[in-house]
Structures are given as C-alpha cells and as structure tokens.
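Think of it as A, B, C and D in the order they're written, each chain with its own count starting at 1.
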Amino acid sequence: MAVTVKRNIGFSMIDMANVAYYPRIFDLAHHVFEEAWSVMCDVTYPELVNTRRVGFPVVSVSSTFLAPLRYGDTVTATVSIVSVGTSSLGWRYAFNNQDGTVVWRSEQMTVCVDMDSMKKQPIPDDLRPGLAQHLEA
Amino acid sequence: MAVTVKRNIGFSMIDMANVAYYPRIFDLAHHVFEEAWSVMCDVTYPELVNTRRVGFPVVSVSSTFLAPLRYGDTVTATVSIVSVGTSSLGWRYAFNNQDGTVVWRSEQMTVCVDMDSMKKQPIPDDLRPGLAQHLEA
Amino acid sequence: MAVTVKRNIGFSMIDMANVAYYPRIFDLAHHVFEEAWSVMCDVTYPELVNTRRVGFPVVSVSSTFLAPLRYGDTVTATVSIVSVGTSSLGWRYAFNNQDGTVVWRSEQMTVCVDMDSMKKQPIPDDLRPGLAQHLEA
Amino acid sequence: MAVTVKRNIGFSMIDMANVAYYPRIFDLAHHVFEEAWSVMCDVTYPELVNTRRVGFPVVSVSSTFLAPLRYGDTVTATVSIVSVGTSSLGWRYAFNNQDGTVVWRSEQMTVCVDMDSMKKQPIPDDLRPGLAQHLEA
C-alpha cells in the first residue's frame, strides 16, 4: 500500500526554463521519503537520524521525467517499498500534478547505515513490519 | 573521447552524515554538463540558453553511488556522449575522487528543446560534429 | 498584524555542523514570503509571478541568527510589512522554534518589478489594502 | 588587503526571472569565504572543519543587492576582514560582474565554534596573523 504525500512546487525549485530543475525533484523525493517514515513505521526520520543514528542513503537511482513541473503546481507523491533485504531497502515513487498527469517516476535503492561510521548495518527489526506493510510488487 | 572537468566538493554539498547529499551530486553533474559544451561544441551553455534559446533538459537518469564524497574532496569528472538522435542526446558520467576511486556513475538522456516553448526540436546541425567527436560506445 | 506560517526543518537544510546552513534559512524565508501573499492580499505568489508577471525581488537584507535550527525542528515564522512605498515594500521576519526560542530575525526590502523586463514598477493598487492591513511599525 | 576570487554564475543559481536567486548569492559568498582561508591563513576550510573541528558560522548579515546576476556572468569577489575579536570575526564582501559593476555588497559577522559542540571558542592563535594581514578599516 503506497503512502501519499502532497507538496507545492515553490519558487526556488524553478529554473530559467520555468520548470523544476531536475536535481530539486530528487530533493523533493527526499522530503517525501522523510515523511513516509512516520506513516510507514511510526517513527520520524529525524528521530532515526538524530537519536538512533540510523540512516538510509541512496545507492542507486533510475528516474523518468515525463512532464515538466511548474511554479505553483501541487504534487501528489505516492511512495511504496519494492524490496526489503538485510540492509537494502528499495523504494518506488510516482509524482502526479494537480491535473492527474504522472510527471515523474523513480526507483531508488537505499542501504541502512550507522550514521556515525556510514557503515552498512542490518535494517532494525522494529522497522520491518511497517516496511513490509507498504511492500508492493 | 571523454571530456574531463575538475571540481571541489564545497561545504554546502555536505549533509548531516558528512557526505555529499545525493541531489547535489546531480547538480554537480549539471555543472559538468554545462562545461562540456564549450569543450565539445565550442559554444558555452549560457550562449545556447540565453542567446540561441536552445536547452537540453534531462528526461531520464540512471545512477549508481559507489562511494561517498566528503568535504574537500576533488572530483575528476569524465563525460561523454553515448547517443545522438534527432532530438535526443545521451550522456555518460563517471566521477572519480582524488584517490582515483570511482564514486559515481550515471547515464542520462536529454532532449533538445526550444527554451521558450519547451517543445522538442531537432538538435541544431552546427552542434552535431562536436557531439559526434565525443561519442563513445 | 503579522502572518504566521509553520514549516519543518528538512534533512537537506542541515550542514556538517548539524545545523541549518544559513543560505537555506533565507530560502525558508522566501517560502514564508510566498505563503504570506495569499493571506495578506488573497492572491498567490504563483499567480502574481506566472500570470500577472509581477515580482518582488530582494534588494537589501539584514538578519541576525540567534540560535541554531536542527533537523526536525518546527519553525513558526511570523512575517509582517514594515513599509509600503511606490515600488518598495519592506518586510520583517521572526522565526521561533518549537520551544518558543527566537532563532532568526530579518528585515528585508523588496522592490516591485515587471518579471519580463525586471524594471521597477509601482506596486499594483489592488495589493495595497492587504499590505496596509499587515503593516506594523 | 582584500582577497579576490572568481566564480561563474551557473545554471542552477538562476530563477524564473532570469536572475540569480538571492539565497544562492549567499551560498556563493560562502564558497568565497571557504576559498579565502587558504589565501589568508594558509589553511583550507576543509582542514579547519574536518580535522581541527573549528568552524565559523554566520551570526549576522547585512547585504545590498545592487544589480542582477545573470546566467554566464563572471563574478569577481573581493573579501576582507573588518574585525577580529576573541571569538568573533567580521567579513566584508563585494561582488563585481564582468563589466566591473558592483552587484552585491555584504558585511557578515561569524563566530568561532567547536564543530562538535557548536560552542563558542577563541579564534586559534595560529590563524590570527593571516587574518590581521587582511584586516581593512
């Protein structure tokens, strides 16, 4: 079951061509990723990172930019889990604009790390049920 | 033949985990892309965009993050052309750090557009020889 | 009467010292500025910029950073108008964190411009009543 | 004696009005600040921050934006020290474009901190001669 997050496209996302600059779409996806943790696992990403010192940096990305995002657009992002390994965690994103057009798709692999050493570690057990619940084929 | 561009990793690229935040690695790749135009086609990207109103937005990306980039690292980026179509233009990037470690790889498809309408248009003929010269299988 | 806007401090605002990087606090202030238009003048900033081609770029800033912002903090921003001239428009910001600590203050002067020519122009009359209503000494 | 640093205005600095977005001018100033350390004190800012765990966050800023910066402009930044206290360190910036026009001025106060605790500390003695040499009234 996918999690849904809404965000507006702000002025600072837009470039000279009047469309969202593509690295900032990845930044927007990171905001969606951060918000997904609360919904999926009932833990905030700040709590994971600040207190538990657990992080999930991106190790691979594939993305398709299907239509431009403009200033003032509202993105409805859906995000789900596509794989849960010992340390690796796969994500799938789709962004729709206010007209229902799919503007962006991405699959991303993240890996669970100790935020102090940046060494790979197993995904903590207490996070697994929430992730499993949002797993989609 | 690949083009080589050197860049330092600045303070503002780094996140709480003391590594470059991944959307900013895409931004760094865009800087490399901008610099590549002068070398490949003897035209600056500002001239293309500002004066000729021709742009090459990204339509798809795949990337692998192989090792972290740290504050003060020096990136040697190599960039080459992997495909030249009527409107589409494929790019391949590899970033090495100062130890020679490959830290990031990416393939990106861009499409030639009119910067005012954002409509697809053929790649201008005068750019084709320079692009062809940097084409790699 | 000040307008109040709430925003969370996201991962990408934070630097190596685990505090918000100061240029991104100015970016946050711009988000607050954008949201203020709807409340103050019943017009969105996207409508002003995209449709009416009216913008308010910053021409001067003074700011004090009183305490750090951390990842996961919630900012309550208050923003009011301090001066309305023919073209110039002065703003005052205060950011509080979730403990009620004032973390940031800023006064900023903006100027009304035609977004196409970037030439100074008078503030449109229909915006003046809303701005006047949020004017504070 | 001021230090001079040259930088190009990249695509990602530019907003919908075809001018550099003002928070990114502060980011550019931070790059200049980083480069100034090598010239002034013969130590890189990465060495200060990464190895010595000494940082100089901004505590107050005043800036004037005199003319727009456009895509492809070349900035010649001059930066000097205006005050050296026990912990506080004042900076003055002026940015000129390629036509010699002063586009931006800023005075900024920074404070020396321990990067781990973010507590104020005295400016290390070995940095003082270099800073003193670049002090301007």
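Basically, a contact is a pair of C-beta atoms (placed from the backbone, for glycine too) under 8 Å apart; a residue touches a chain by one contact, two chains touch by 3 or more.
All of these numbers come straight from a predicted model, not from anything done at the bench.
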Residue numbers at the chain B-chain D contact, same meaning over half shared and different meaning under half, come out as same
Name the chain whose C-alpha centroid is most distant from the C-alpha centroid of chain C. B
Between chain B and chain C, what is the separation of their C-alpha centroids in Å? 34
Based only on mean CA positions, could you tell me how far chain B sits from chain D in angstrom? 28
Can you check how far apart chain A and chain B are, centre to centre, with Cα atoms defining each centre and the answer in Å? 24
Going through chain B residue by residue, note those that touch at least 2 other chains and give them in order. 11-12, 16, 18, 21, 23, 27, 30, 49, 71
Could you please specify the touching residues of chain D with respect to chain A in the complex? 11-12, 14-16, 18, 21, 23, 71
Would you pull the chain A residues touching chain B in the complex into a rising list? 16-19, 21-24, 26-27, 30, 49, 55, 57-65, 68, 113, 115, 118
How about chain C: which of its residues touch chain A in the complex? 10-12, 27, 30-31, 34, 44-47, 49-50, 70-72
